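Naming follows writing order (A, B, C and D), and every chain is counted from residue 1.
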Amino acid sequence: MARHVFPCPLRWADMDAYGHVNNVAFLRYLEEARIDLMFRLGSQEGGATFSGGSVVARHEIDYLRPLVHRHTPVAIETWVSDITAASMTLRYEVRDGERVYARASTVVVPYNLAEERPRRITAEEKAFLERYRDDGTVVA
Amino acid sequence: MARHVFPCPLRWADMDAYGHVNNVAFLRYLEEARIDLMFRLGSQEGGATFSGGSVVARHEIDYLRPLVHRHTPVAIETWVSDITAASMTLRYEVRDGERVYARASTVVVPYNLAEERPRRITAEEKAFLERYRDDGTVVA
Amino acid sequence: MARHVFPCPLRWADMDAYGHVNNVAFLRYLEEARIDLMFRLGSQEGGATFSGGSVVARHEIDYLRPLVHRHTPVAIETWVSDITAASMTLRYEVRDGERVYARASTVVVPYNLAEERPRRITAEEKAFLERYRDDGTVVA
Amino acid sequence: MARHVFPCPLRWADMDAYGHVNNVAFLRYLEEARIDLMFRLGSQEGGATFSGGSVVARHEIDYLRPLVHRHTPVAIETWVSDITAASMTLRYEVRDGERVYARASTVVVPYNLAEERPRRITAEEKAFLERYRDDGTVVA
């Protein structure tokens, strides 16, 4: 029912020769928000460790305005829009107050790295993800 | 009428702690294929310089199988699926013979960096892009 | 007379396939500490903008122990060990309390990007750098 | 007795907001040259696998002139200047014909990742490294 807000620090070298944060760096920011949600909060809030790995099956991202390096973080709002037996869809807004720099979504598949194959979402993981579910906004 | 094939070298550090090429690195590979098409071939084949910059407005990418570092390049097939007055859509397959690792598409907008605003595609750019147009395959 | 302490956030993807923060990522951390000192504090504390650019002429770095991704920053202590007419030497320790992960030094040369050549350190820049001078420790 | 020459492809995003290849990217290039020597040639030329990992203990690098993105590789000459029981020193020149962009050296320590500790250089590894030994040039 809540969105996770991750204050994402930029790095100066995220900018490319055009003097803007490179489009690929945004995907790195999304990864950081995802790691913070799944690894840090997941284990803190109740055993949803997503341990053993997970893989990205799909990204969509729309870039809405250019971003320039700054010393303060941008906010990455992250929420869960869909949960299936073996995947989840995360959605994000990269923003600074009312200014939205990008909207994106990622399909994540829990993965058993040792066996090199996808695995099902556990009950603990599902319960954790439900707390960040938000269906009300259509993005990307 | 032809697809551009860019042999994209991997770097060892493109792999993450899971021992696979990180999902974000694929977007970097697409950028390299795009740069090779737009900057190298564009100027070689007839004045389609895309000079003054261009920005990415949207990416979609589907990851089909894991990729591990290797000393030989992967092939990135790139073609143009759509051209409008002020944007173009590129499509890609990251592959090794019949093995497809990822399919993706990018909406690119020519940009006037000095004036900080999008600009129209020139006639030379359009003529160049038409050579790489391919409508036959639906991906991503 | 004081060292600058920059709390440097790690990113998950700074780790390589060995599961440790890659040696190259440390140089990125040093850049972040340098940017924070020269660009943020430099302009805040008195007009030492280092504007127009600067280039790195030399790095030395010793890696003392492996670092693994974590959700809290590492501290980068930075100080100035040498100032000449047209260069400065910064020294750093990447640490977590008493644990030191790396010691390094960088020779930075102020640079006039427009004219593509080095320039002298201004009086304001020198006064700023003197505040972070510390000769007492020999590292790297 | 021979130097290894690795043709290192640049990536457009190796450039930073100053429009030059960022100093940190050079360390990535050195890593690529090292990987090519130790992993590709090492196993090809006789069982010097350096398997189980290796870590960087120290880097020194001098930047001699700015490098701008280009579609052709730069050459990284790599040779071995020192071999001890448990470490080796590699030296490099990043160049394009007579133009030298950077000179550097790296101390590498073979590492047992499973046991998390350094290990000795094997006889096969030593024999392999001796082929690339070159004492005649003092750099960095």
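Brief remarks on what is shown
As a convention for this text, a contact is a pair of C-beta atoms (placed from the backbone, for glycine too) under 8 Å apart; a residue touches a chain by one contact, two chains touch by 3 or more.
Just so you know, these numbers come straight off a predicted model, no measurement behind them.
Judged by shared residue numbers over all numbers used at their interface, chain C and chain D contact each other through mostly the same positions, with over half in common. Each chain's centre was taken as the mean of its CA atoms, and the one lying most distant from chain D is A. Between the CA-based centres of chain B and chain D the separation comes to 30 Å, rounded to the whole angstrom. If each chain is reduced to the centroid of its CA atoms, chain C and chain D end up 24 Å from each other.
Rounded to whole angstrom, the centroid-to-centroid distance between chain B and chain C, based on C-alpha atoms, equals 35 Å.
Residue positions 12-13, 19, 24, 28, 31 of chain B each touch two or more of the other chains. Interface residues of chain B, counted against chain C in their complex, comprise 12-13, 15-17, 19, 22, 24, 69. By the touch rule above, chain C contacts chain D in their complex via residues 18-20, 23-24, 27-28, 31, 53, 55-63, 66, 113, 116.
Against chain C, the residues of chain A that register as touching in their complex are 9, 11-13, 28, 31-32, 35-36, 39-40, 71.
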